[in-house]
Amino acid sequence: MKFSFTQDQRLFAEGLRDLLSKQCTPTHVREAWENQAGHLPDLWSRLAEMGVLSMLVPESQGGMGGTLIDAVLLFQELGRAAVPGPVLEHMAVAAPALAHTQWAHALNDGTAIATLWVDANPYVAHAQVANIILTHDSVITDFSIDDVHGIDGGRQLFTVHAQSTTKASSEVFGLPASDVMALASAAYLIGVSEAMIEVAAEYARQREQFGKPIGSFQAVKHLMSDALLKVEFAKAPTYRAAWSASTGSSTVLRDISMAKALASEAAYRASRSTMQVHGGIGYTWEADLQLWMKKSWALMRAYGDATYHRRRVGASVLHG
Amino acid sequence: MKFSFTQDQRLFAEGLRDLLSKQCTPTHVREAWENQAGHLPDLWSRLAEMGVLSMLVPESQGGMGGTLIDAVLLFQELGRAAVPGPVLEHMAVAAPALAHTQWAHALNDGTAIATLWVDANPYVAHAQVANIILTHDSVITDFSIDDVHGIDGGRQLFTVHAQSTTKASSEVFGLPASDVMALASAAYLIGVSEAMIEVAAEYARQREQFGKPIGSFQAVKHLMSDALLKVEFAKAPTYRAAWSASTGSSTVLRDISMAKALASEAAYRASRSTMQVHGGIGYTWEADLQLWMKKSWALMRAYGDATYHRRRVGASVLHG
Amino acid sequence: MDLNETAQESAFRSEARTWLEANVPTSALPSFDTAEGFALHRAWEKKLYDGGWSAVSWPVEYGGRDADYIMWLIFEEEYYRSGAPGRVNQNGIFLLGPTIMEVGTQAQKTKFLPSMASSEIVWAQAWSEPNAGSDMASIRSKATRDGDEWVLNGQKIWASRAVWADWCFGIFRTDPTAERHRGLTFILCPLDLPGITVRPIAQLDGDTGFAEIFFDDVRVPVANTLGEENKGWAVAMATAGFERGVSLRSPARFTEAVKRLIHLWKTYGDPSDTALSDAVTDAWMQAEGYRLHTYQTVTGMLEGRTIGAEASLNKIFWSEMDVRIHEIALQILGPEAERMEGPSQRWVDGFLFSLSGPIYAGTNEIQRNIIADRVLQLPKGI
Amino acid sequence: MDLNETAQESAFRSEARTWLEANVPTSALPSFDTAEGFALHRAWEKKLYDGGWSAVSWPVEYGGRDADYIMWLIFEEEYYRSGAPGRVNQNGIFLLGPTIMEVGTQAQKTKFLPSMASSEIVWAQAWSEPNAGSDMASIRSKATRDGDEWVLNGQKIWASRAVWADWCFGIFRTDPTAERHRGLTFILCPLDLPGITVRPIAQLDGDTGFAEIFFDDVRVPVANTLGEENKGWAVAMATAGFERGVSLRSPARFTEAVKRLIHLWKTYGDPSDTALSDAVTDAWMQAEGYRLHTYQTVTGMLEGRTIGAEASLNKIFWSEMDVRIHEIALQILGPEAERMEGPSQRWVDGFLFSLSGPIYAGTNEIQRNIIADRVLQLPKGI
C-alpha cells in the first residue's frame, strides 16, 4: 500500500504549473473570455508539445502512454490556472478514445481540437473552437453551432447541428466518456478551489479594515479554514478514483462518483467563502476571482452534479 | 392585522416567569432530576393556583377559559425554566380534553397529575408521577410502569401496562392531542433555546482565555448570533400556529408543523452552539446547561421530529 | 393577536391589485442599468406616482398615502405578485426619503420629497469608499467649508444606480481633526456638477449596476446638509437601519420567489426525491417565516417599539435565504443552470445578484458582530 | 501509487484478525470508568501485550512489532472490526509513548515503555487547567526545584482516566519569571503520591471519565522530567500533534461506525427517503474520505514528510464527522433515541461522547485559527 505519486509524476505536474504560470495567467484567461474564442492557441501548442494533450494516448499511437494516475495531477494544475477551452475533453477522452483513428495524429499534436457531446446535456461546451465533436458513439466533424451563452467565458456553450457523423467509440480505458470526464472535472475543480483559496488568502493578507488586515479576524480565518478543509478532504478520494480507473478496480464508478461529489461541493463552498472574503470586489467583473468561480459553477454541474454522484455512491454502498 | 400579544397576555407570562425564577431555578430542576421524581410538587401547586394548569379549561368548567394564544407564551416560559414533569401534557391536553369528565376538578387544582400516551411512541413520559394517562381515546388510571431510562431527568420515560381503561377523547379545540403537543413543545423549545443562549452568553462574558473574555472573540460571537437567529425566526411561526389553532384556521396543521420543525431545529442548533461555547464545562453533569440541552434533545424528537413536520408542511404547500 | 386583515386593509389590497393589474407593463422592461431601461423605469415610477402608488407609506402631502407598515407590506405583496418592474429609485424612496422625514428641515422635505416620489430625481447612494467597506467609519472623502458651500473631494464606491441617477447622498469628513464616527456630515449632491466623475463598475454578470464616484472640488450649498454638521454618522445609521430592516427587502420579494421555485419544482423536479422536496419546503418555510417575523416586527413598531440591532438578524436571514432559494433552483435546472439566457436566465441572474446580499449593507460578518455585541451583550471584540 | 496491500501487509492483517477472533471477549466489558471495568480493561491490555498486539508500531524491544504506519492502520481496522474493548491506556500508548521515544532518555524509555505497553502502568493526561483550556499556554500549576526533586502545586482538569490510572503526565511552570509558552516543563508523576487528590468529574452521561487533579506539595524526582527543563511546551506540542493527527482517532473507528449506521438504516430506515439515504451515503463518504486521507498522510510520513499544522484539519474533520454520524443514527432511531439504554444505548452514548470531540484536544475554533495562521499564512489575530 503506497498512496503517493512518483517523483516523475510530481515533476511533470510542476513543469505544467510552471508553463501555466507564464502562459495562462489571469490576464491570458481574461483575454480568452473576452475575445470570444474561449481558447488560448499558443498555450494549446505548448500543451501539445509538452505531451499534456497526448498524455493518455498509447506510446504506440504517438502518445505519452500515461495512465489516469499520471494525468490526475495535470487535471488539477489545469484547474488551478483555469485553463480555458476543451483541454479536459480533448486530453482525457478524445485523444485516447480516437487514438486508433485517422484523427489520432492531429489530436496528439493539437492541430485538431476536440470536444465532447455528452448524452445527458443538450449543450456542447467549447464547440466554437473544436473541429471534432465526439459523442458517445460517433465523431462529428461537419456541424453548425448556436451560442446559448454559458456563464463561464472559458467554457462557452452551444447547441450543435451535425451535418454528418462517423461511428466511433468514446470509451477510455473501458470507461464511458462521461465518467472519465467526471474524474477529470473533479481533479480540475480541486485545482480551481486551491486557486480561489490562494487568491482570497492573498487578498485577506493585504486588505485592511479597522486598521488590520482582514485575514487577522477570526470570521475570515474560519471561512477560509473551512473552505480549505473541504478541498483537502476531496483530494485523496480523487486520487484514489484515478487509481481505480487505472487499475480496472471493480469499484471504479463508485470511486469516481465519490470524487466528483466531494470536489463539486468543495469547489462551490470555496467559491462562496472566497467571494465573501473579497467583499464587494469579489462581485465585480474586474476581480480575477470570477475566472475560477464561474468555472466552479459550471463544472460542479457538468458530468453529473453532487446529488447525481452521491446517489450513485449510495446505490453501491447502501444496497451492495 | 395585528401580530402581537395583549398586555394581559404579556403580564401573565411575566408573572409566570417571576414565579419560575424563584421556584424553578436550576437547583430545583436538578433536585427533581436527582430524586427520581422528575417533578416539583410545590411548584405544581403554585402553577395550579396561578391558573396555569387550567389555562385552557373553559371557565364554565372551573378553568381560566384561555385560548392557545393565551397559552403559547406560558409554554415558552415553562421551557425557559426547563420545568420538569408533565406540565405541558397536563395543561395543554389533559385538563382541557377532560374538562367535562369526573377528573376535571382534580386536574384543575393539580391534585391529579396527567400525562399522555401518544400512539406514535411506545413510551410514556412522566408516568412515574402521573395518576392519569390519557391516550388518544381513553383514560388509564390503573397501571404499572417500567423505567426505560430517558435521557432527560425532567422527562423520564416508561413503558406502561394498563390494568383498565375508560373511553375518553383527547382532542383539544378540535385538534388531535399530538398536534396540540407539537405546538406546546415548539413554544417550550423556544424557551429552552432562549435559556441556553442566555446561559452561554453569560458564560462568554465571564470566562477568560488569552487574557480576554471569550465572548470578545468573533468565533464565539458568530456561534451565538447564529443560534439566536434561528430561535428568533422560529418565534413568529410558533405564535402564528397558536393563532391558527385558536381560530380554527384551515392551515392549522401546516402551521403547527412549521412551528415544530423550526423550533426543533433551532433548539438543536442552540444546544450545539452553547455547548461549544462552554467548552469542557458544558460536557459535565454539574453545568446547568445540561438541564436545557437534554430537554431539547428529548422534545426535538417527541411529537414528531423536524423531518416529520417538514414533510407535513411540504404535503400542504407543494402539492396543495 | 389577529392575523386576519381588517376591512380597510383588504380594501387597500384590492385597490392596489386593481390598479397594478391595469397598469403594470405586460412585458419586462430592459435592465435599469442601461440608458434605455433607466428611462423606461423612470417613466414607470412616474406612472406609479401619478396613481399615488410610488411611496404609499409617505404622508399624502409628499405624494404618499399615509399607509401604515402593515399596509405597506400589503402593497409590497401586491407589487411583487403583479410582476411589476424593480424600483429604480429605491435608494431614494425607501432609504433617503424616510431619513429626510426624520431629520430633514421643512425646506428639505419640500424640496426633495415630491421630486423623489415622482422620480423626477432618481437617487444613488454613496456610502462606501475603497478603504471604508465593512469599516465604514474610516471614511476619508471630505467636505471643506467655504462660505455657504461645501467643497467635496474624495472617492466613493459601490454607488448603486450612480451611472444614470440624478443626485447622490453620502457622508463626508467635515472635521479633519475628528476620528472615525465623529466629524462626519451627511450631504446631498447632484451628480451633474463640475468636478464629478462617475466610473461604472462591471459586475459579475457584466452589467454596470454600480459605480465609483470621484469628487474633485465639487461645490454644493451648505443647505444640502442633512441633519447636523459633524453628526452624519447618526443620520447614516438611521438610513442603514431602514436598509437592513424592513424597507429594502420586503417579504413579498421572497414569498414570490418561492412561488416561482415551487412552480419550477413542479415542472422539472422529481416528486419522489424527498431531499429535493425537503429543500423546496424549507425555502417556503424560510420565506413564510420571514413574512411572519416582519408582520410581528411592524406590529411592534406600530405599537411604539423601535427596531434596533435586531435589524441585523433580518439582514442575515433574508440574504442567506435569497442565496439558498437560488441554489435550489439551479440544482433543479441542472445543465440549464450553466446558461445566462433561456429558461434559466432569471434564476441565474438572481443567483448572481443573491451573492451580493451577504456582502452589501454591511457584511453578514459585521451583522453577526452587531448582534453579539448589542443584542447578546457580549464584550466588544474589534 | 499502489493501493493494494503488499503480501506482507496482508499476512499481518490475517495474523491480527486470527488472534483477535480467538481472543476478543465475547461480551462487552463494563465501562472503564468503573473500578470493575477498569480492572477488566487492564487485564485485556495485558492479554493484548502478551500476544504482542498492544503497541504494534513500537519497537520490538519495548513490546511492539515495529509495524509501520500502514500496518498500524491495518491493525486498527482489524481491532475495530473485531469489536474489541476500548483502549484504557490510549493516553499512554498512543500519546505519551511516542513522545518518550522522541525526546526521552534511554533510562526513561527502559523504565516507562514496557510497563506502558503491558498496562502495568496506565497513564492519565493532565494538560488543561481551569484557566488554561483553549489558552493552554496560560498554565499556572508550578513545579519548584528542591534538590533532586520537583515540588508540584496546582490543579489540572479534564484528566482522562485519572480516577483509576497509575501515573499522569502534564506540563508545569518551572520558571516563574517566564510567560506563556516559556518556562514550562513536561513532568511525569505517579498518582498515588502524598499531596495528590483526584476528584472525579461527572460527565453529561453521569459517568466519570475524567477528573480534576490537585497537587499540594507533591514531590517527584527531577529524573521524571521529559525533555529539557523549561522546554515543556515543545514536548507537549509534539504530543498534541499525535493526538490531533493520526494516532487518537484512527479511521477504522469511523468506518466501523458507518458500517453500523448502514446496518441501522437497513433495519429501520425508509429506503425511499432520499434525504435519509443521502445523509447515510454522505457519512460513508466522510469516513471513507478520512480513511483515504489518512493512508495518504502516512505514506507521506513513511517517505519522510512531516505532519504539521495539517493535523488540525484532521481534528476538525473527524470530530465533526463523529457528531454527524451519531445525529443521523439518532434521527433513524426516532423515539428510541430518547433512551439511555436499550437498542439505542450505544448510539446515544456515542452521541454524547461525540459532542466532546469538537472541544477536547484543542477546540475546533482553535484548530481553525491554527490552519488559517500556519497553513494559509493569514496574519495572526489573537
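Note that the chains take the letters A, B, C and D in the order they are written out, and that residue 1 is the start of every chain.
Assume a contact is a pair of C-beta atoms (placed from the backbone, for glycine too) under 8 Å apart; a residue touches a chain by one contact, two chains touch by 3 or more.
Everything numeric in this text was worked out from a predicted model, so none of it was measured.
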Of all other chains, the one whose Cα centre sits farthest from chain D: C
Distance from the mean Cα position of chain D to that of chain A, given in whole angstrom: 39
Centroid spacing, where centroids are CA-atom means, of chain A and chain B in whole angstrom: 52
Shared interface positions of chain A, touching two or more other chains: 217-220, 222, 307
Residues of chain C touching at least two other chains: 274-275, 278, 365, 368-369
Chain contact topology (line, ring, star, complete or other): complete
Residues of chain C defined as touching chain A within the complex: 128, 131, 133-135, 138, 157-158, 201-204, 206, 275, 323, 330-331, 334-335, 337-342, 348, 355-356, 358-360, 363-365, 368-369, 382
In the complex with chain D, residue positions of chain A that touch it: 1-6, 69, 197, 201, 204-205, 212-213, 215-218, 220-222, 224-226, 228-229, 232-237, 239-240, 243, 247, 258, 261-262, 307, 310-311, 313-314, 317-318
Residue ranges of chain B in contact with chain A within the complex: 217-219, 222
Of all residues in chain D, those that touch chain C in their complex: 272-276, 278
Touching residues on chain C, where the partner in the complex is chain B: 1-6, 9, 70, 262, 265-266, 274, 277-278, 280-282, 284-286, 288-290, 292-293, 295-296, 299-300, 303, 310, 313, 316-317, 365, 367-369, 371-373, 375-381
